[in-house]
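Each of the next two complexes has chain A plus one other chain: chain B in the first, chain C in the second.
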Partner chain A sequence: MKRQIRLALLMTLPTIFAGTAMAQMSATEIVKKAELAAYYAGDDGRSAARMLITDAQGRKQMRQFIILRKDQSDGGSQDMLVFFSRPADVKDTVFRVVKHTDKDDDRWLYLPGLDLVKRISAGDKRTSFVGSHFFYEDVSGRNTEQDNFTLLSETDSAYVLEGKPKDPSSVEFTRYEVTIDKENFLPTQIRFFNAQDQEYRHVEALKIETIQGHPTVTHSKVEDLINGGSTEMQFRFISYDLGLPEDIFTERSLRTPPRQWLDLKD
Partner chain B sequence: MKKQALWLAVAASLTILPALAQDNEDWGDDEWDLEAPSSALPFTGFAELAIGNRVVGTDLNDALTLGDARIRLERQEQFGQVHVDAKVDGRYDAVLEDWQGQIRELSAQFSLTDKLDVKAGRQILTWGTGDYLFLNDLFPKDWQSFFAGRDDEYLKAPSDALKLSWYADVVNVNLVWTPKFDPDNYLTGEYFSFFNPAAGQLVAPNPPLSAKAPNSDEWALRLFKTLGSTELAFYGYEGFYKRPIAADEFGMPTFSRMRAMGASVRLPWGPGLFNAETAYHASLDDKDGILANIPNSQWLFLLGYERELVTRLTGAFQFYLEHTQDHDLLLSNSPAPQWEAEQNRTLLTTRLTWRNSTDDLTLSLFAFYSPTDSDAYLRPSINYRLDDHWHMSGGLNLFMGADQHTFFGQLEDNSNGYLRVRYHF
Partner chain C sequence: MSSKLVDRLLDLSINRRRWVYWGLLIITLAFVAQLPHIQIDTDPENMLLADNPARVFHNQAKQTFAMHDAIVVGVVNQQGIYNPQTLAALIAQTDYASQLDGVIPADMMSLANVDNISQGEPGTIRFEWMMKTPPADITQAKLIEENIRRLPMLLNTLVSEDGKAAALYVPIKDKNQSYAIAKALDSHIQTLDSQDEWHITGLPVAEDRFGYEMFVQMGISAPLAGLTIFVLLFVFFRNVPFIAAPMILAMATVLITMGLLIGMGFTVHIMSSMIAIFLMPIAVVDSVHILSEFADRYRQNGDAKAVIRQVMGHLFTPMLFTSITSTVGFLSLMLTPIPPVQIFGAFVGFGIMLAFALTVVFIPAYLSGLSPKTLEKFSSSLPDESKSWLTPALYRLGKLANSHARLWLLGFAGLFAVSVYGISLIQINDNPVRWFKADHELRIADKVLNSHFAGTYNAFLVLKDSNDWQAEVQQTLQDTAPRLSADSQAFLQTQHEALSQGQSLTELVLALDDYSFNAAGKDSEVLLELISTLETLQSQSKTFLSPEMLNYMVRLQDHLASTGLVGKSNSLADIVKTVNRELFSGKDEDFCLPGSSDAIAQTLLQYQSSHRPQDLWHFVTPDYRQSLIWLQLTSGDNQDMTAVMDKVADYLDANPLPPGLTMDWAGKAYLNVIWQKEMVAGMLNSLISAFVTVMLMMMLLFRSFWFGLLAMLPLTLTISFIYGLIGLVGKDYDMPIAVLSALTLGLSVDFAIHFIERLRATYAQYRDWHKTLEVMFEEPARAISRNAIVIAMGFTPLLFAPLVPYITVGVFLASIMAISALVTLLVLPSAMTLLKSRLFKTNAA
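Our next item is the complex of A and B:
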């Protein structure tokens, strides 16, 4: 009898282990799929974007820009250009990024007043993107290799995953919970927790639209739950697979914006 | 009287403009304003009040080093394939006690072929890898603005030039032709005193120093290419020294001919960015270094490194060497050898920049120090962006040196502090 139980246990163990392995696999798989859905839709893309920044005192600021993106490979390197049009003091400033997954991104900033192409050294990507509550990393995508993921819960419509940094000293959070829509694999909510396990930063997709077959977050909001303040970001005039030429993602476009690709139409 | 009128006008515009420029900060649902300017005004720009004062008094100049009431208007238009850019400054300058107008940009930009861009007219031009150090960037600088604490933008003076840019797989080429030589806005004595070797002392001439600029043209060339993350460039220049450091037969300051060639590289290295640049400035009017009134040829070298030290704090370091050719001859022919720079003049610079987490406050400290000249120049500054319209800046320009004749040492009496308030519209 005892022996039979032991045998039965031995026989079920592999299944249990396999089950755990599958859950882990699927957490990573979900995250990879979410990354592709959120940051790699189409082979290239263009969008107008604007941010409404509200500080803790309720004062409002605005940023408006056009983003051009081209993927070198799905889930791999990406070329990006960000052309600022508002407010007046950053008008005509252009930000160029070559996002790498295996090394630091290459970043340049064009300052029109000085005609200066300023190269920016690699830095903490969890710092404010042009004065907003979004981080550089929120805009370009956090490398999924930097965190370990586990599946916390699952409903009919969404997965809730927990991400824990592999190098906790490199980030300000100890963990985050990300809700990923099962249908389109877009992250719809991210809650960041600090060392006291208090939620201090909240990112939420407020509106999702399907554009050329790609479900796309067109309105999102990030809130600073400790100091107050939030930033809303809206995207419009989105198009994918425009066939953006590779050679516009160069220094030339900083000084001479490729106007034929910046002419927006719905 | 004029002065008061202008301060009043600017004060008034600082109150009226905000009302006119009230844009839709609450986001109407469809107010994207993709084409239209962001306000009711047909142009963008800013109004600025800037004031600066000497830290210590001097007999040579007034205490005031900066007194600008400035209006900037900017407008861009697209005429078919031609993009036209206009930026105009008007200011009352309380140091000069006069009105000053300047077109900073009036250029037309278009593509001749899909690989060839043309930009013609008044424009700001910059290239090279140095931070406040220019080896191959021989476009005009405005040192008076730089030392007075005007916005960094004003360090670059505009050129009236034709710029051709050709982009090819092998290499990219910029060719800039300036029909009439554009000198730097060098020290004239109006804002700042300087050392005059002929007089053997500090001077602030009145009428101000004004060297006649040659009527000839200038050529500047850059070949550049990016290989992976590495940026390579080669440079050429044919024209004149940008400051009147030569003397004519009457001993008056003048511009002598110069040809430059150089190269630079910039690439990520470890956690930061590394850059190296070199240039050879050939003194065409004194190739052998014999003439006492003409500068000798020089080799220039620059090494730089920049990295984020901790989150939002960036540190940068530069080593710069200026090697004068035929230095022995220079000394033996010089009327004042005791005031000539050493054969190898070195300069170290550091830049520390800190930004707060909301990215609206920037503290910066730029320091030049020359071990060979025993002089230094410190530029601490603070910039605060109150909102999309109001910006405030303050800082110091502190010069110090063991001797009166060295590059920064001569400026010791010009050490100043400044404050600027700007309203963008």
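Our next item is the complex of A and C:
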């Protein structure tokens, strides 16, 4: 008798799971969709970014740069150029990144003061992005293949997913919770937890605007909850599908920036 | 003098005994109730007033550059720490420490959480964790060694040059938590199953241990002093009920004084923790005089009440004066600008006067209240004075003093000359870590870690550009305004005001940038031009990005290294040189500074792309107008720090800083030098003023210039002798020794007061010099010797104290009391013999 009940239960379980999967998207699907929304809007894009870095004592630093991006394929490799304009002493410093989904990114650096082009070795991408509280990975996007996702909760307007690293030794967090807006699939909040399951890092989208039909985060903030300090990043003059030529995403642009694509007034 | 007052006082205490007992009990209990509120203060910084400029600057520098107090954990392995087991243990310990409450994880430093900056594949630069996971084998461990040897900022700070020791710096938010954190770290080490030798040290730990040892001292030494005094009194008087009186008195004095100190909200510092042990022997001294005389006279005249009246009438004035002189000695400490010393002086001074007041009220009440039976027993059990060892010894001493007066004086003059020479040799030096005994675990850790590393003692040189950049910016704003529309002008005006209220140039540029995007066509152009001008000004204002300034710092650091006094120095220049090397070839020839400010700024932008971007702000402020050079010293001796300060001062004289730039010191090692200097200067003040005050009082008491002068002679000789000895044997003149000079003066003059007072009375009686001296070496000399023994022995329990300053105080006070009693008995008769005619003529007149 008992055995029969257990058997009956086993029979019904798969159907229950199949039912929920049909009604909802799987965690991985949500994440993939969010990745496209956040990092692959349009075929190319340009924006002027401004970072305000505030340290634990409230002292401020500014960084200003223009980002050019061109997708090789949606959800695939991307070319990126980052041209610094402020502060004045780092003006014309350039980063060039080729983002890959199947291997480490390629990164180059040009320092005008030293007249030096240097390749940045792959290594760790969770290092500070030019002294801010953002990591390189936050700017280029963390490869979704590196984490396992589960759906924690769901409201009318958002999904809350949990990401756990497949290789815990490669990162400083043990898990993170990301809130994804159901309407536009943009991640609006990410909470990182350490080994003590204490939230120590908090990333939040403060403002979302729709530009050329693409919902875009135009103001975000990352906070260091343990040591204090935060960085705000604002994006302005965003445009998509400019038709950026492929040949500007080369080493030549490091020393000779493609000025016509960097003029924001057009 | 004031015999009416004394009589009235005696009426009260003899006839209202219950009032006296109950009064004393209630007052004592009221103050005892305050004792649980005790707050211990072990911070050496508090040796300076809270608003002391050096202290304020030090704390400001600590805050500006996020230089926290840190617990230092050291791991030592004689075969070298570059092996998988030791490094795994270091990682485990680092991980454990980083999640402890009260720790500042971002600024923690060990091999396990710093970055390696290196060349990856050819032509690439690479930032990665130096040691995120334990190395799998010796080869990997050796690779870490290779990496660390290339990073001058870390070598000899995180790992010793000899590769045998590694350190973990655990910065903490609040010093009061350091004991708990250190304890947690220690117990975690026990779980590591590590074959290595571990040490935990650092100033916060030392301070906490210090507080603990203070309690031990107060809990053991003070009761032990009480016991010693009790035993001594018993030897003298052989009767417990009789000597219970001074013991009760001493206890009441100590409890009331400490209760008052704590009740008034003062913290108990190393100095005030010694109040009990100071007050106990001093409090019983007056009673010893009363008991001695009472015993002598009671045998002749059986009426206790009458005898006590006699004795009090006789002793009131000298007791009052000895109490006042001792108090003056202690109160003079208040002239030293060191708060804990001031509090100590004030409360011991108060305690002495309290002891005097209690003595004249309580002791007569107590003695007159003893039953005739007790008194009978007491008087019959009194030892026969002529049979004690003291009497013949004093008799022989009297003989000696009485003959060869000139020879004695000549001998003392010679000794004085040698002492003065000895004093000229005195080395002023201190080091709070040496307050612990040589075999204390902290001293051992200190020794071990400093023998391996570049030093655990820190001093900071803070360079600051004080030139005004605002004026030029304001001027530029003003010049630009007329070219703008009214709206934009108004906006500029608000920025002008914000700037005067402390807005940074970065914020100004941000605001202008925002505004310019919405501004009308022409305004926008003008504003862009303005922004560009302001950015140029901003770049120019970043003093510590200029190659000239960094080169100046490099030369200064080279100079410091050449002196051999500094284990190592770290500065912004070291960071720039290291990153520059890795950006280029990775070879030694590129370990140099780039040639322009922009290049340096870009180098630092790279440095900030690591896991620890905030490390930059330990060496420069985000506006690049202040910079810090961190000096690691292997010795915390003030003498060594002073030598470094002198070298830096010389260097500055020969190589002046550009106009408007200043360089100031911060760091614990420096603060210790500052308070020591204040202490030495302040002590000289205290000593001189105590000397003058006491001398004037002596002249007043004896109503004679010469007697006054004479009374100062024994203690002058004694103090110079002791300090001369310190100079001759080469013992450092440190905090406890400095403090004791002024207060021994107040204590040792007592002997002279009693001796002269009694001598004059005796001489008036016999009118014969030789007879007088003979009598003087009977009972009066005995009373003086007894007192000297009580005080000297009362301080000896300090010899068993766990901390060196207590021991120093014990040895020093015990010997100064013994020597000054001896000198009094020798030098006063000799000097008086020679000055006899002058002294007694004036006296007779």
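Assume the second predicted complex is superposed on the first by the 246 of 266 C-alpha atoms of A that agree within 3 Å, B and C clash if a C-alpha of one lies under 4 Å from a C-alpha of the other, contacts with A are read in each partner's own complex, and residues count from 1 in each chain.
Heads up, the rule we're going with is that contacts are C-beta pairs under 8 Å (C-beta built on N, C-alpha and C of every residue); 3 or more make two chains touch, one makes a residue touch a chain.
Predicted model only: the values in this text are computed from it and were never measured.
Chemist: For the combined arrangement obtained by superposing on chain A, do chain B and chain C clash, or do they fit?
Modeler: They clash.
Chemist: Check the residue A:Thr216 against both partner chains and state whether it touches chain B (first), chain C (second), both, or neither.
Modeler: Neither chain B nor chain C is touched by A:Thr216.
Chemist: Touch test for A:Thr188: chain B only (first), chain C only (second), both, or neither?
Modeler: neither
Chemist: Taking the superposition as given, does A:Ile226 touch the first partner, chain B, the second, chain C, both, or neither?
Modeler: A:Ile226 sits against chain C, while chain B stays out of touch.
Chemist: Please work out whether A:Ser47 is in contact with chain B alone, chain C alone, both, or neither, and reply first, second, both or neither.
Modeler: neither
Chemist: Applying the touch criterion given at the start, work out whether A:Ser169 contacts chain B, chain C, both or neither, answering first, second, both or neither.
Modeler: Only chain C; A:Ser169 stays clear of chain B.
Chemist: For A:Asp104, is the partner it touches chain B (first), chain C (second), both, or none of the two (neither)?
Modeler: first
Chemist: Return first, second, both or neither, reflecting whether A:Gln196 touches chain B, chain C, both chains, or no partner chain.
Modeler: second
Chemist: So in the superposed three-chain picture, is A:Thr250 touching just chain B, just chain C, both, or none of them (first/second/both/neither)?
Modeler: In the superposition, A:Thr250 touches chain B alone.
Chemist: Quick check for you: in the superposed arrangement, does A:Thr179 touch first (chain B), second (chain C), both or neither?
Modeler: So A:Thr179 meets neither chain B nor chain C here.
Chemist: Superposing the two structures on chain A, identify the stretch of chain C from 57-65, 615-623 or 687-695 that clashes with chain B.
Modeler: 615-623
Chemist: Taking the stated contact definition, name every residue in chain A that is touched by chain B in one complex and by chain C in the other, in rising order.
Modeler: In the superposed arrangement, which is not itself an observed complex, chain A uses residues 50, 52, 55, 59-62, 64, 86-89, 91, 113-114, 116, 119-124, 126-128, 130-131, 229, 236 for both chain B and chain C.
Chemist: Looking at the complex, which residues from chain C come into contact with chain A?
Modeler: Per the stated touch rule, the residues are 63-64, 66, 95, 99, 104-107, 115, 120-121, 123-129, 132-133, 504, 506-507, 509-510, 513, 517, 535-536, 538-539, 542, 545, 580, 583-584, 594, 596-603, 605-606, 608-611, 613-614, 616-617, 621-623.
Chemist: Residues of chain A touching chain B in their complex?
Modeler: Chain A residues touching chain B: 48, 50, 52, 55, 59-62, 64, 85-89, 91, 98, 103-104, 106, 113-117, 119-124, 126-128, 130-131, 229, 232, 234, 236-237, 247, 250-252, 255-256, 259, 264.
Chemist: Which part of chain B faces chain A closely enough to touch in the complex?
Modeler: 23, 25-27, 32-34, 38, 44-46, 74, 78, 83, 109, 111, 117, 119, 123-126, 151-153, 155-156, 165, 167, 172, 224, 226, 229, 231, 266, 268, 271-273, 306-308, 311-312, 314, 355, 357-360, 385, 387-389, 391, 424-425
Chemist: Could you please specify the touching residues of chain A with respect to chain C in the complex?
Modeler: 50, 52, 55-57, 59-62, 64, 86-91, 93, 109, 111-114, 116, 118-124, 126-132, 136, 169, 194-196, 224, 226-227, 229, 236
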